[in-house]
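Chain lettering (A, B, C, D and E) follows the sequence in which the chains are written, and residue indices restart at 1 in each chain.
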Amino acid sequence: EDSVFVGHLADMSGPTAFVGKNYANGVRDSLAYINAHGGIDGTKLRSETIDYGYKVPQAIAAYKKWKSREGMVAMQGWGTADTEALISFVARDKTPVFSASYSGHLTDPTGKNPHTKKPAPYNFFYGASYSDACRGLVQWASDDWKSKGSKGKPKFTHIGANHPFPNAPKAACAEYAEELGFDVLQPVVVSMKPGDFKAQCLSIKSSGSNYGYVANIGGSVLSLIKSCDTVGVDIQFMSSIWGGDANMFNAAGSGIKDYIFPTMTPFWGDDVPGMKLVHEISKMSDKSGEEQRVHHYMRGVCSTYFMKEAMEWAKKNGGITGENVKKGMYVNKNWVPKGLEGVCLAANWSNEDHRGINQVNIYKGNYENGGVKVEKVSQVTLERRDDWLGY
Amino acid sequence: MSSLSMRPCGDFRTSYKQDNTIFETKTIRWVTIFTIIALCFAPLVVDGYFITLLIQISYLGIAALGLNILVGYTGQISLGHGAFFGFGAFASAWLNTSLHIPVFLCIPLAGFLTMGVGMMFGAPAARIKGLYLAIATLASQFIIEDFFARADWFSGGASGSMAEPVSLFGFAFDTDQSFYYIALFSLVFMFIWGCNLMRSRDGRAFVAVRDHYLSAEIMGVKLNKYRLLSFGISSFYAGIGGALYAHYLGYVSAEGFTIMMSIQFLAMIIIGGLGSIKGTLMGVIFMVFLPEVLESGVGVMKMTDWGNIPMVVDGLAYIKEMAIGLVIIGFLIFEPEGIAHRWTQIKNYWKFYPFAY
Amino acid sequence: MNFELLTQLVINGLIVGLLYGVIGMCFVLVYKSTQIVNFAQGEFLLIGAWVCWASLIYLELPFFLGFILSLVFMAGFGVLLQMVVLRPMIGEPIISVIMVTIGLSIFFQSLMKWIFGVSPQSYPQVFDTQSINILGLNVEMAYLMSTVIALIIMVAFYLFFKHSKHGLAMRATAFDQQASQSLGVSVKHVFAMSWGIAATVSATAGIVLGMVNGVSDSLSIMGIKVFPAVILGGLDSIIGAIVGGLIIGVLENVAEFFDSQYLHIGNMYDIAPFYVLLIILWFKPYGLFGTKDIERI
Amino acid sequence: MTESILKVENVSLAFGGVKALTDVSFEVPRGSVFSIIGPNGAGKTSMLNCISGRYQPNSGNVIFNDKIVTDLRPNDRADLGMGRTFQNLALFGHMSVLDNIMVGRHHLLKNNWLTGPLYWASPAQKEELAHRRYCEEIIDFLEISHIRKSVAGTLSYGLRKRVELARAMALKPKLILLDEPMAGMNLEEKEDMARYILDLNEEFGITVVMIEHDMGVVMDISHQVMVLDFGKKLMSGLPEEVMADPHVKRAYLGIEDDDEIEEEAVKEAS
Amino acid sequence: MSQAAAKIQTATPMLSVNNIEVVYDEVIQVLRGVTLDVPEGDVVTLLGPNGAGKSTTLKAISGLLKSEYGEVTKGDITFMGERIDKKNGEDVVRSGLIQVMEGRRIIEDMTSIENLKLGAYTRNDSQINQDLEMVFNYFPRLKERTGLAGYLSGGEQQMLAIGRALMARPKMICLDEPSMGLSPLLVKEVFGIIKKINQDQGITMLLVEQNANYAIRAADYGYIMESGKIVLDGTQEQLLSNEDVKEFYLGGGNEERKSFKNLKSYKRRKRWL
């Protein structure tokens, strides 16, 4: 094979563009970089990035186009809506999809867990699932509560819109929080769109909640932080993987006080071996090399590189086809793509369990004289509990 | 709004039956039939991508026709069509998974369920008119959307619900190519249904209500019944379209049926032509192909020098979106009455050719 | 019952509601003079907020200068927009014109993203004290500023519609463009004027919101959020828009109160206004203050 | 069965402060042409609206064919056989003339939104065509066959009035209410219209209630005339009697002197 | 004022319509070469059957065709020496020509006074209130009806429409069927007022009418139009004495007035075309 095709669905203009753009750049630059450096052992990666603006029909059309016109072997996807919509198509077409939707049920390739509606054998993602990340945060919160020496049961609140993405970890996380001895309060619904959330903040305040899981992204989170700051809510915010990054911190400014957020990669400036490669990759779209990428970019890179190595295995073992790439994902254990040591966490996929990553790094952001300082506060490794598979 | 009735010379009608046909002329009739037959062979000729687009046109077209019956023919603007479309999708999936009704029955049943819901939310139409009604339907959009996210038993809540493929006599229509026939059949059926509706009693009553509801009532048309019925029929169409969508994807998620979708449906019928059945189809085709065409445009642009200017490369996504906005605006500025109207004018022009009038 | 919380929520509702009222007024203005439901209203807010933000950050103007500059810019923008896009639509079916505003909204939404990016941004600090305490509730200074501005705008609107011939002309144009034209009313000028005013006033609201919540592309959702307010008051009533705004503002907050304290349904804050809207419309089909259509035959 | 097809008993109607009708009673004999005249704003149209159900009188009753119809919706009155035309044209502007007339058949047709769309597979087609045939007869009768397929909104004023009449006739009414059927017509067209009205009265046996300002027409074709003024019934009687009444002459016709009547009447006629 | 009215007609007429053709919707031709002149200070009437194109002619003159997808495709129109066929409706009004449209077209959701004030939209002087009084002088009953104009009766609306046009202080008014729907008394009144306005203020009038009897008597000159063409024209005396006009427009002709009752014939009457 001279070349194979990889489709890339991105949201750079739609409602999730705020983070979608960073992640998409990571994927796009990686694809370009791989090609510029010999491809998959000589096989070039043809690719096309389509900005589907978070519209499902457009995502499907793009998928079909790639499938029928380009003979796509694997796809880098994006959001919850399109990933879910494509599950059965990709399973039927045997096309592995590496999405940025980390919904728990995508980790169940065989449909073992009773919560899983439909097995997702061809879905992969790099990162802890939303549920797992939230579990990690709760675990941290539990330790935090104890270490502060506070008395009584800590109270936990899920804060987010009533939509698939923010709701994804809601039940799972609440269950675990209860297990850890939290008093789980009624979730507070705030819209995905920014607005004045003082009302919700006031009721959070009056409920006396201690830990709030912020499930939304972008402007909505910003509004929430500002509104709660105004009315003086004393709560420990903990965000989802998409809810804390440099862009958000810059916009929120002084509102950021002990803001907890998870990551699955280091930051741009961190001194880890693999960061050199990431900087090189970044130059694919930023020749000056000056741009500081946020950590979503790194996840895009990791997602692409895991795919790359699976393809390399596939090439050696019968050719780069969807099926072989999927098999390639199961070969390595404690797998870190070459050159990205310290950037991508060690991953383990198996054909029964698609929870590639079960580790969450927990950081804290604080506004200090004109900028936000982040520091690592903890690292949580989650058990691979059977009842958590796909949930 | 041509006041002339124009038919080619030599086309004399000798009975009312001939004069009452759906198609203006024999030629048009044969062209239509031929097109449908040709479409039946499409999967043999064109690739999967194209088939997807045709399927998209089918389910969106059915729903859009419903909206046109409501907006174009009855004159009641609805901003909640996307939600009804979604309701049809969930309803069909729900009927199938929880009541185990075969899918091919679920689709029409979902239509009727949606019809019921549509009439429930259309009930204010008996009292509210015009833009007030439009905003009331906006309220139904949000309320139904909220319901999707909340009603776990019905929609699967946040995790969505699965929809089985259509199967008939043991044959599962689970590939694009086979589902295409279901979609095409539904489209043709629903459009013929629509054409016939508009040339029979209740269809005329809709238009009468739109054009002059006061005098319509005095002519014996039950005003409230028809205002409500048109909501019902429009939701019925939306429900069918939604159900097809669900069984095509195999999965329904609460996220897709937003106000943007409702607006997109409106755009389709306005661009195609309000109160025109063939216009509806044209509008849908237009709106489905527009992003695809622009996407290829972006592809072409990347290959030129322009594709290297960072400002442009970064902005391609936005430029594409902007182009969609611009095309809609430009289209309406130059063709405010929709494609169907321009079509008629072109036809008339050729009939009189070479005489200008 | 937690009365303290309830009071705070009601005050908050009134303050936010006033802002809804101001945005609603712009709607009403455009509707009253052109019969157009402006779906690009939210984008007006967005553009205003971004332009002001840019003038503060890039031009480093003092706030009030930047503010005035943005308003002037928006007035020109409104007029220009009207000239280029909406003027050719004069006399076309209303629904096509409404669709054009939807097209505009798509266009400007993307344009703003292109120019200003998709990350939310904050305004530099404008007031020394960001918020002050009213009856136990912290309220942002920006909201108080908007209250004052809103009141001024309202009075101005009232006088304008009641007493100037342009006000008359706007109403006449809305009713029957051809007839107004036959009386020498320049439909174009009327349209330009109303769009200019609407854009300016919306920008004010956008800037206030930007100061409070930060600017981001989804600010434009406000354009849709005020629909219930406008309809509740009656599409063609300025007073109605204000009252409707206040009602919706309070309603959201009270809904949140009952939701969080008793019902635990979630999302009532966003949805309750729509339920109430349906109920009120059932009893008052033209909103609280809207004028009835004339049904003579 | 009584002699009168329509009885109006003590009808009063007020809009806010404006008293459009005050205690008006009259009877319309079956098979007659009954004219209502009166100055502008006298409440003539309001009277027709009360009869056809557009307005609900504040008090009083409307009895049609011995049935009290005061509380019925307009469409129910149409079912009972009441048709009307309007002062300010109220055609369905975007429909063809033929469809406009077919709407008049609405209450007589049986097909609905389920059977109608099945068209060939249901009795709908047969029914539609049968009624179409009836409409064609009306079209022939009113001589509008050349515009059968035109869009009603683009027709000239006079033709639209004629289409309105056709639409009202399609209802197969026993009583037809005409609101200024000859306004805006020239002599020739008025003559045509007068002929149609007489024909539908005499040949189809439809009772006609007509508002008209053209005294020539009123004098010539009506059997009875009622005069309304400021919402009150001034008088009613034979056309000649009414025309001779000094009050009518002054308040309505604007004639001061007895001698002028003849002369003026001639002039008004055109 | 009356001096102005008495001014002798100038060589060039105030309004001249020169061989215009009008097409609706790019395909429907309605006017096929219409030419007519209106001298300053005169009342000119335009008669013709329904659908002849009278209203279309007036709309072409006052620039209102565009909003109905109509267009003057040929010929020109000059008003006081200025081409106006390409002008917008509002500019035509500003140059002093105003139309009272067919069907009154008052703004129903404004009060009568507001409607009248709207008529004065193009003016900037301070005499508006004075002119309101003038209108109320002509139409006393308008003064009593202070509610929304939509609830006025047909006749009242017609008066309001004429009064509204007067408020613009035009040099010329085009009236489209002003007597439609008016009671005999009012028809008389309205024509009286038209004549009076013409004489008092010297306002030139172009009068489209169905009521030929009154119209010709009120006019100095008349045109008759059929199927988009002018088929006959003449002075008041000429028209009044023309046999065809007498028979088809005035009724009567030489014989007695026909009664409407006895019209049983289906004969197609003579046309000029």
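Assume a contact is a pair of C-beta atoms (placed from the backbone, for glycine too) under 8 Å apart; a residue touches a chain by one contact, two chains touch by 3 or more.
The structure presented is a predicted model; accordingly, all values stated were derived computationally and were not measured.
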{"item": "Length of the shortest touching-chain route, chain B through to chain E", "value": "1"}
{"item": "Both-way neighbours, i.e. chains that touch chain B and touch chain A", "value": "C"}
{"item": "Of all other chains, the one whose Cα centre sits farthest from chain D", "value": "A"}
{"item": "Distance from chain D to chain C - Cα centre to Cα centre, in angstrom", "value": "48"}
{"item": "Where chain B and chain D are represented by their mean Cα positions, the distance between them in whole Å", "value": "41"}
{"item": "Distance between the centres, which are taken as Cα means, of chain E and chain C, whole angstrom", "value": "44"}
{"item": "Chain A-chain E separation of Cα centroids, rounded to whole Å", "value": "74"}
{"item": "Multi-chain contact residues (two or more partners), chain A", "value": "12-13, 17, 162"}
{"item": "Per-residue overlap in chain D, given as positions that touch at least 2 other chains", "value": "45, 54, 86-88, 90, 154-155"}
{"item": "Multi-chain contact residues (two or more partners), chain E", "value": "28, 151"}
{"item": "Chain B partner contacts - residues on chain A that touch it in the complex", "value": "10, 12-13, 17, 48, 50-51, 53, 55-58, 60-62, 64-65, 67-69, 80-81, 84-85, 87-89, 92, 103, 105, 117-118, 162-165, 167-168, 170, 285"}
{"item": "Residues of chain D that touch chain E when the two form their complex", "value": "15-16, 18, 37-42, 45, 87-88, 154-159, 180, 183-191, 194-195, 198, 213, 215-217, 220-221, 251-254, 266-270"}
{"item": "Touching residues (chain side chain B, partner chain A) in the complex", "value": "47-53, 56, 60, 146, 149-150, 156-162, 174-176, 249-251, 253-256, 260, 291-292, 295, 299, 313, 316-318, 320-321"}
{"item": "Residues of chain E touching chain C in the complex", "value": "62-64, 66-68, 88-90, 93-94, 98-99, 101, 105-110, 114, 117-122, 148, 150-151, 164-165, 168"}
{"item": "Interface residues, chain B side, partner chain D - complex", "value": "1-5, 16-17, 20, 192-194, 196-197, 199-205, 207-208, 210-212, 214-223, 229, 233, 275"}
